[in-house]
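Following this message is one structure expressed as structure tokens.
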């Protein structure tokens, strides 16, 4: 009976896709009947297109990279759980984005969402959409943004690792993407988004991605409860995987940040340089902190610091220079180190893989730092920050961060609670002890004897 | 017949094997274990969570021998594994009730050698 | 209390970039204005920068960055299970350390125009390195992009040396050695071969993507460290086996993938020289991999995975100086030969001379780099790259002579300078870990971490 229900739901999805596709066909037909006078005169630059295509692929690679970053840090009996969650998000949000996610996030309608005008990618063709990216095809902009929409819910996984039911996780992801990611994305990046109109700057997603996911992560960590045995229970089963994940994340982050200039131009190069610099400075700082407080620099600490630095520079990459990046990197490691080593044990929530401590705190600092260090000398189309004589920007940044924190926490909580009441979010205690790989997926990651 | 179980430091395995071969003891079983005696482990740290690692990697050898080989085997193991530092390990000798060679179904002393 | 002071000292590092930034601000106002205008130009309508070239070079820079984690896994799989985090940490630390060193002063020392030992301090703190292209280096991409592309080369070079002293170097000594080596060995040699006013460049030495600057340079420093740090404990009795060969293969794949950026990116644009470099890179790697597999088959009865991977890397090394100057057929010959030389170095010379170059950095990178530099002097052809030169096989014996000079200079200087740095550090804080730390393993003793759990 249950299997039949699942089949029916799947069929409904297919029908929805067909209906939307049919509508898209109509739209395309309508569009081509437009007279040439109405079509905007923009030209596609092949260099810009080449770069953004590659950047899109780079950001896609960050999701498997994140999967290994997290995967190495969980116990051997839960690694497939993490990998599966990341991969299923890659699949689910890719479809959701195409069907309606892009329209809700970037559609031209004013309101909570961007409207359904572009549902099924109707009207999203090869002609550039100048409000977003004047020199690349609209479809490419959509695909590029898709990869951001994918990795954001994937970040949250780290908080509830090792104890969430897979079915609950899938439903949570779809609802979260639709009701939390898409709106916040629209407010900060969408045409006519209210935070954007207020002047907030978020180059590549400090608010939309890191703060958003980070605070949702905190919420889940608090309400799903601690793992069996507390946070000391399970040690990283394969740290080299975590380092591999970091390498892939760092590599992909060039697409994440430098690609957000939406062209192969000086701004992209600046974003590239500050991204690398902030990650490096933050990694070194965390290594130093480890050396001071734990006698030895650890590799887990260094890579965590580097990821924090990359997260912090994300909102600021197109507005600050290399020296600001060094300062941003040093400070973020100090903040995140404190959040992870002092705040977390003291407050007692079990954010298993420190999503809040690294991404949320890193994102908040990065958003503020954008309001401090932004300079028109780097990006004449951007604003100046507080250190360059414009305190207003700093307040706008704070406001945007506060709004996102509040909204994401509350909305995520409502979604979480609704699912918890219907099907229960946490696995049973016995299942948690056996491990998610076997109980949720009937698979073992590694063989023992051969 | 006796079963000799030895717990030794992992880096002494090669030396112990060479000594055993020299005494013409060729049939051994080896596996990796965790354990400690008085020697304490090295602390581990994972993002601020301290783990007082006190189970260290060791190698466990199992050798089935006839009576006349017991002392030779013990001497060989000691010679190969001894460093004078704490953590060198221990040797246990237990009585072996029966031994069967699976290929030929021989039993007893002949099956061991 | 002590820790509190240490954290305060750490915070004071913020002063460094702050001061440098303030200094850059004291540049004449019109220079800054010009930079801003150029930034604006570059963003709206590139006047000098070509968007296609820029796109490719951004990608190439990212690809070369990926080679450092790739190298980390290439090496990491080959060491024992108790030392893998040591390797990964060293490579990652280099990525962070040299990224910052390059921005602060490394780029200036390496590439600022000048005829001296270093390039000069003109571009300290990236002063003057903006969005406008610097035509002497790369006329169609922004100067900043050229700088960051070169940064990734400066990052991976010291990382190569890690393989020679694997499993026995103190982490603090390693950090000091890396910083000093980058400043006093990499930056000068880079300047001589690639910098405007560099004397080897003026002599006519050809090094397309870094055979001399990177591979010979790092390879000979590796030999030096291997000799003076001494053999690993117990290595004379038995070989220390690779603990995870699939990691090594993963690393090889990432290296091969990234090497396209390394070689094809060194044409500094999306042009036909880049395409040629891409093709010969792939061809040489393939030929060398096959060659080593065949040699293994002959001498060891079976082709080995590690051998083939090593051969492929050797081929990539050898083609590096030649990539922009030779044809695909020459690349096949270069690749087939390099495996012969490197195999000989690794299987006969190393055991006979008795140095413990743990992961064969000298045998593969130095020998491969020397062969590549010489091969450039043999096979270079103006038909492939009119901006280059002809080699011996195309009627110009002088080029081979120049190449040999460049190789000899680099070998001698790198060995001597690296040795001085090494000895100084050894006297001050001792480079090698204590014997009992080496037995327990670097992961636990240097970083208080275990790579893998055993029970769960």
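For reference, chains read A, B and C in written order, and residue numbers begin at 1 within each chain.
We adopt the following convention: a contact is a pair of C-beta atoms (placed from the backbone, for glycine too) under 8 Å apart; a residue touches a chain by one contact, two chains touch by 3 or more.
Since we're looking at a predicted model, the values are computed, not measured.
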| item | value |
| --- | --- |
| Higher-contact pair (C-beta pairs counted), A-C versus A-B | A-C |
| Furthest chain, CA centroid comparison against subunit C | B |
| Distance from the mean Cα position of subunit C to that of subunit B, given in whole angstrom | 45 |
| Whole-Å separation of chain centres (CA-atom averages), subunit A against subunit C | 33 |
| Subunit A and subunit B, separation of their C-alpha mean positions in angstrom | 52 |
| Overlap residues in subunit A, where contacts from two or more other chains coincide | 235-236, 294, 296, 298, 300 |
| Two or more partner chains touched - positions in subunit C | 448-450 |
| Residues within subunit B bordering two or more other chains | 44-46 |
| Subunit A contact footprint on subunit B (complex, rising order) | 44-51 |
| Touching residues on subunit A, where the partner in the complex is subunit B | 231-232, 235-236, 290, 294, 296, 298, 300-301, 304, 337, 340-341, 344-345, 354 |
| Residue numbers on subunit C that touch subunit B, as the complex places them | 82, 233-234, 237-238, 436, 439-440, 444-445, 448-450, 454-455 |
| List of subunit A residues in touch with subunit C within their complex | 45-48, 50-51, 54, 58, 75-77, 234-240, 243-244, 246-248, 250-251, 254-255, 258, 261, 263-270, 272-273, 276-277, 279-281, 283-285, 287-289, 292-300, 302-303, 306, 321-324, 326-327, 330-331, 334, 376-381 |
| Complex contacts: residues of subunit C adjacent to subunit A | 3, 6-7, 10-11, 13-14, 16-18, 20-21, 24, 32, 35-36, 38-40, 42-43, 46, 49-56, 58-59, 61-62, 65-66, 68-70, 72-73, 76, 84-85, 88-89, 92-93, 95-97, 99-100, 103, 125-126, 131, 142, 144-145, 147-148, 151, 171, 244, 247, 250, 254, 270, 446-453, 456 |
